[in-house]
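Two complexes, one shared chain (chain A), two partners (chain B, chain C).
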Partner chain A sequence: MVIKPMDTAYVSNSASNAAMAFIRKNLFGIVILAPAALYLIGFLLIILYKVLELSFTFDGPDGTLFPTAIHFIELSKRSEFREAFTRTLWFTLIGTPLELFVGMVAAFLISKEFKGRGLIRSLFVLPLAIPTIVTAITLYIVFDFPGGHVNDLLMGHHAFFPFQIISYPVDWRGSEFFALIVSIFGKVWRDMPISMLIILAGLQAIPEDQYEAAKTLGAGAFQTFLKITLPLLTPAMSTVLVLRSIEVWKEFIFPFILAGSYPLLATLIERAYHEWRNPNEACAISLVLLGLIIFSTVFIFKTLKWLRHRLVRI
Partner chain B sequence: MAQVRLEKVTKKYPKTEAVSDLDLIVEDSEFMTLVGPSGCGKSTTLRMIAGLEEITSGSLYIDNILANEIPPKDRSISMVFQSYALFPHMTVSENIGFGLKIKKKTREYILDRVRWAIDLFNLEGLEYRIPRDLSGGERQRVALARALVVEPKVLLLDEPLSNLDARLRLKMRAELKRIHKQLGATIIYVTHDQVEAMSLSDRVAVMNDGRLVQVGKPLDVYNRPESKFVGGFIGSPSMNFLDGTIIGRSNAVFFVTKDLELEFPKESFSNNFGTIDQEVVLGLRPEHINDQGSTKAKTTGTTTAIDVVVDVVEPLGDRDIVTVTRGETVLTLLFSPESGAVPDRPMKVVFDMSKCHLFDKKTGVRILKN
Partner chain C sequence: MTTKTQKTVWLIVMILMVAVVIAPIFVMFKYSISDRSSVVTGGQVIPLWPYNPTLEQFESLLAMDSFLAATISSLQVALLSVAISLVIGTPAAFALVRYRFPGVMVLATLLISIRLFPNIVAVVPVAEVFLKLNLVNSVIGVAMAHSLLSIPYVVFIAMGVFETIPKDLEEQAQILGASKFYSFTRIILPVALPGLAAGAIYVFLLSWDEFIFSYFLLAFGDLSTLPVLLKKILSWTPQHNLLAAISVMLSIPVIIFTFVVQKYMQAGATAGAVK
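Let's turn to the complex of A and B:
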């Protein structure tokens, strides 16, 4: 029994020696990684911890309850939450494939060498250069009611478009359908360059001999696209879908400006915090959103893997 | 299988002419090799036959059908690329079955044919691997299987062995020859390696600078090169070239350079020269200059031995490549290891002048009419 304290002292001493040796050996790496680690701890881990804590804590008149699902239950009873949930689902289901599709079309347009390609490519990247809030406000003005530009145009007020499509101005932002469509339009327009560049990089990584081999083996343009281009593009496509779907799930600015009366989950967080004065439920909504994002990411990865195999199976 | 005929086929790029007025007939079931140095237009020719490059002018007939405007997919050809161009997202079976699947064959038929190709190329056990997990030789065999399984009229091979190591290349060479014998396919093979060209082909077509310079059976091309270029390109080590003059003297004909004076054997050369006193290039293959003591030297009939100094000896095992000098003249020779050539030592060599080639000094065209 006398030996034991000495023993532990020896062990802890050797452990601290090993730690010191590790630090000395990897000092450069530690110094380089420290800012990133501090950033993650400060802006991710602590916040996530607080969000989890708030979401599952209930401060009632009879004391504090933890853990409790009461906020989630309360939320599920709110029609505002259920509507926002459905809207977000539609917003993402339409917006994400649309981002991929528009990016692909743009990428295919400029993937082949042609005169003026540089100019077209620069034009396509332009939306990234405009601050999102400016884009959103511009759309706000363009789709204004009753005097917005789109209304003017569709009512035949302009000489270059002499067709009267509608007789009365449409209150775009006052209609749930149009408000969300315009938000999706803004989101897709603004993000198109990112999708396009990722797809373009993917396209250009496919060696020319793949197409030539397919041609000599009897494949036409459509078959080549289906069996070669598309499967070889799936890594780029899954990158686009995952990155973009995360962005679309948590999209805030466009719906906040353009669909103020029809909140999505992301804008509902703001409303819960400021209007309901209920930080716990705001945190609960953000956790629901996080869950959705994780689920959809896994789903997209799995689906694309399956698709890739399905396309080439004998 | 089918005949391929090229008539005055030309390929022009904006700045260069890659192939000029190429006339070539590849017979049914023939193994034809296009050989030449890099940039000679051989790959471009193959790609024009495949339909991957437009033909600027001239006509291409596959199976007696004008094929200039037929898209590659309808030409009944298939091609093996230097890079193999296997589809990285498909397994070996899927790669091999690709062409048949595209042609909408039944699943049973495809599986049957894939089975056949896997047996033919000894790919058992690799059916479900993807190309990334295959060795170079295996990828090569998959590429060949993929091309052959669609039963093309013509099989086009673009330097298919150049990415393999030396041992594997020998093995695949034999494999290719076996496949050709077994299937009787019309094969057009492109290579810059003249050894491959010699060993594989029924006939070789030597190209240089966008032009066809000689077509013939490998041994004919080897034994009777029509130009200095062909003489130098076919054969390894390369043919020795000597600049000199033909001189008639006291009833005999000599080839004279600054360092050498060589007599032509009378009987075979009596009427073959255009002119005496003409400046020519004499070509003689390394194996036709022998050391004086060898049995080969004794059978040539020439008795005059020439003194040379050995510079470098490269032993290959079965023979030595020996570089010798006489004055400013440098010669590459092939000796048996028993020759006893030692660097910096003098020795006597015998030129087998009955095997020599004479080329015009300006045009490089063959002069000797034997």
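Let's turn to the complex of A and C:
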């Protein structure tokens, strides 16, 4: 009993010794790791702190209120915010499946060996090599009103496409529907290579003997696709859906350039910050967007997991 | 479905897809070499190929002060963010690969997954903080913001490079009496250089393209990077051929690096790995 204090002293001493030994042994590692960890984690903490601070603080004439939900209440009253919210939902609901679909089409096109496959593959990766702002500006030019290439084409002005689909030029950027469609087109065009490469990797991971077995058992092309390719491709498709949905939620450049009068949540952040001069509301919108992204990611993840359990029984 | 109809469908979809992928890129190049009469047509159909192809847009760019200034700022920002992210990111990646202390993998995952945080959510807080620190409208501020995006990539790429370098290499150097710092800078880094160069190019392109942070930090100042200049010019409703010429100038380095240098770089990285 008498030796107990000595005992704890010995233990704590050895613990600090161990810590010292640990630090001495890894000193170089800790020193060279510290700058990056401090820079990134420090910035992340500052950003999170600032977002929360700004969106829950109100600087009124009678002093500062914290915490307060006043910015969220104000936002929910603004028709601009409600419209942006609805637009963002539609944008994501249409854009995400479309990204997957186009990526799959491209991947299937080049999955089998043919002459010039390497060239086509490089060509399909080209959208990634064009800066996003340049793609947006190019679409701005192509979908111009009244005299843009797309209007000319759809009015049947070109010899190689002599079908008159519309009789008057469409004001693409001046209509909510078309402005969002053009933005989705840009987003899908730009991201196609990423979805394509993920799906392609998934396709190539499917063992050839599966197809041979199906063929011997007399399965047709359609059956093989439905019963072998699609189920075995679900992991790659899930990856595309989860990653792409995050990207589509937070898309900024295309709607900013092409749908300036019809903001989504991401572009409304810019408007709140620059036009309304209201960083607090800008951060409140950011938080709403962040919440939506987290919720939808978890939702898609859970749904896909459930689906895979139902679909693939091994 | 017979094989023949299958092939026809495949061909039609392929042609459509190739057309859709090429069309915007073709239009951008076409506009950049268009003369005035092929752009301002007064209600006539815009020709698919300019009446008189010309390089005068590029010549006028070279005489345009705002374009030259933006090019220089873009280069400064990109090079500075390459420097910051390599100096901070490379050593961290080395530590994450070589030192297996508890929690190191959690830290590595955390550092890389910071990239998943949406830019557009981070941009207002960063702009507000930089406003207080006087880093708005400055090359250093934009480069710091870009490094925030690129350090996770550098850590990721460099971890891959260091994992291919055998541990014996530095152990031998240390047995011969080299310090850890000396063996890292003089033995490991030179071997890792080709792989790190790929990372550097990646960071350069990321910064060269980057729009969101640059725009929030530079929207109301005199300083512009090339993407921000494009957006600022857009509000004066400029001629489309000028926009296209700037777009081409902005895209050329990216296309070249993505297709020509990347192949060489990948070869270089694996060659470096084999010693």
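Keep this in mind: the second predicted complex is superposed on the first by the 258 of 314 C-alpha atoms of A that agree within 3 Å, B and C clash if a C-alpha of one lies under 4 Å from a C-alpha of the other, contacts with A are read in each partner's own complex, and residues count from 1 in each chain.
The rule is simple: a residue touches a chain if its C-beta (ideal position, glycine included) is under 8 Å from a C-beta of that chain, and two chains touch if they have at least 3 such contacts.
Just so we're clear, the structure is a prediction, and the values are computed from it rather than from any experiment.
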Chain A contact check, chain B vs chain C, more residues touched by chain C
Tell me the contact category for A:L217 with respect to chain B and chain C: first, second, both or neither.
first
Could you say whether A:L123 touches chain B, chain C, both of them, or neither, answering first, second, both or neither?
second
Which of chain B and chain C A:I269 touches, first, second, both or neither:
second
Considering only the touch criterion stated at the top, classify A:I32 as touching first (chain B), second (chain C), both, or neither.
second
For A:G148, using the defined touch cut-off, is the partner it touches chain B, chain C, both, or neither? Pick first, second, both or neither.
second
For A:D62 in the superposed arrangement: first (chain B), second (chain C), both or neither?
neither
Looking at A:E113, would you say it contacts chain B, chain C, both, or neither? Reply first, second, both or neither.
neither
Is A:P207 contacted by the first partner chain B, the second partner chain C, both or neither?
first
If you lay the two complexes on top of each other, which residues of chain A touch chain B in one and chain C in the other?
220
Which residues, counting only chain A, touch chain C once they are in their complex?
22, 26, 28-30, 32-33, 35-37, 39-41, 43-44, 46-47, 50-51, 54, 105-106, 109, 120, 122-135, 137-142, 144, 146-149, 152, 157-158, 189, 192, 220-222, 246, 249-250, 252-253, 257, 266, 269-270, 273-274, 279, 282-283, 286-287, 289-290, 293
Of chain B, residues touching chain A in the complex:
50-52, 71-75, 77-79, 81, 83, 85-90, 93-94, 97-99, 101-103, 107, 110-111, 114, 146-147, 150, 156
Partner chain A, residues of chain C touching it in the complex:
1, 6, 10, 13-14, 17-18, 20-25, 27-28, 31, 41, 43-46, 48, 87-89, 91-92, 94-96, 98-99, 101, 107, 110-111, 114, 116-129, 147-148, 151-152, 155, 180-181, 184, 208-209, 211-212, 215-216, 219, 227, 230-231, 234, 240, 243-244, 247, 250-251, 254-255, 258-259
Which chain A residues qualify as touching chain B in the complex?
207, 209-210, 212-220, 223, 227-228, 231-232, 234, 308, 312-314
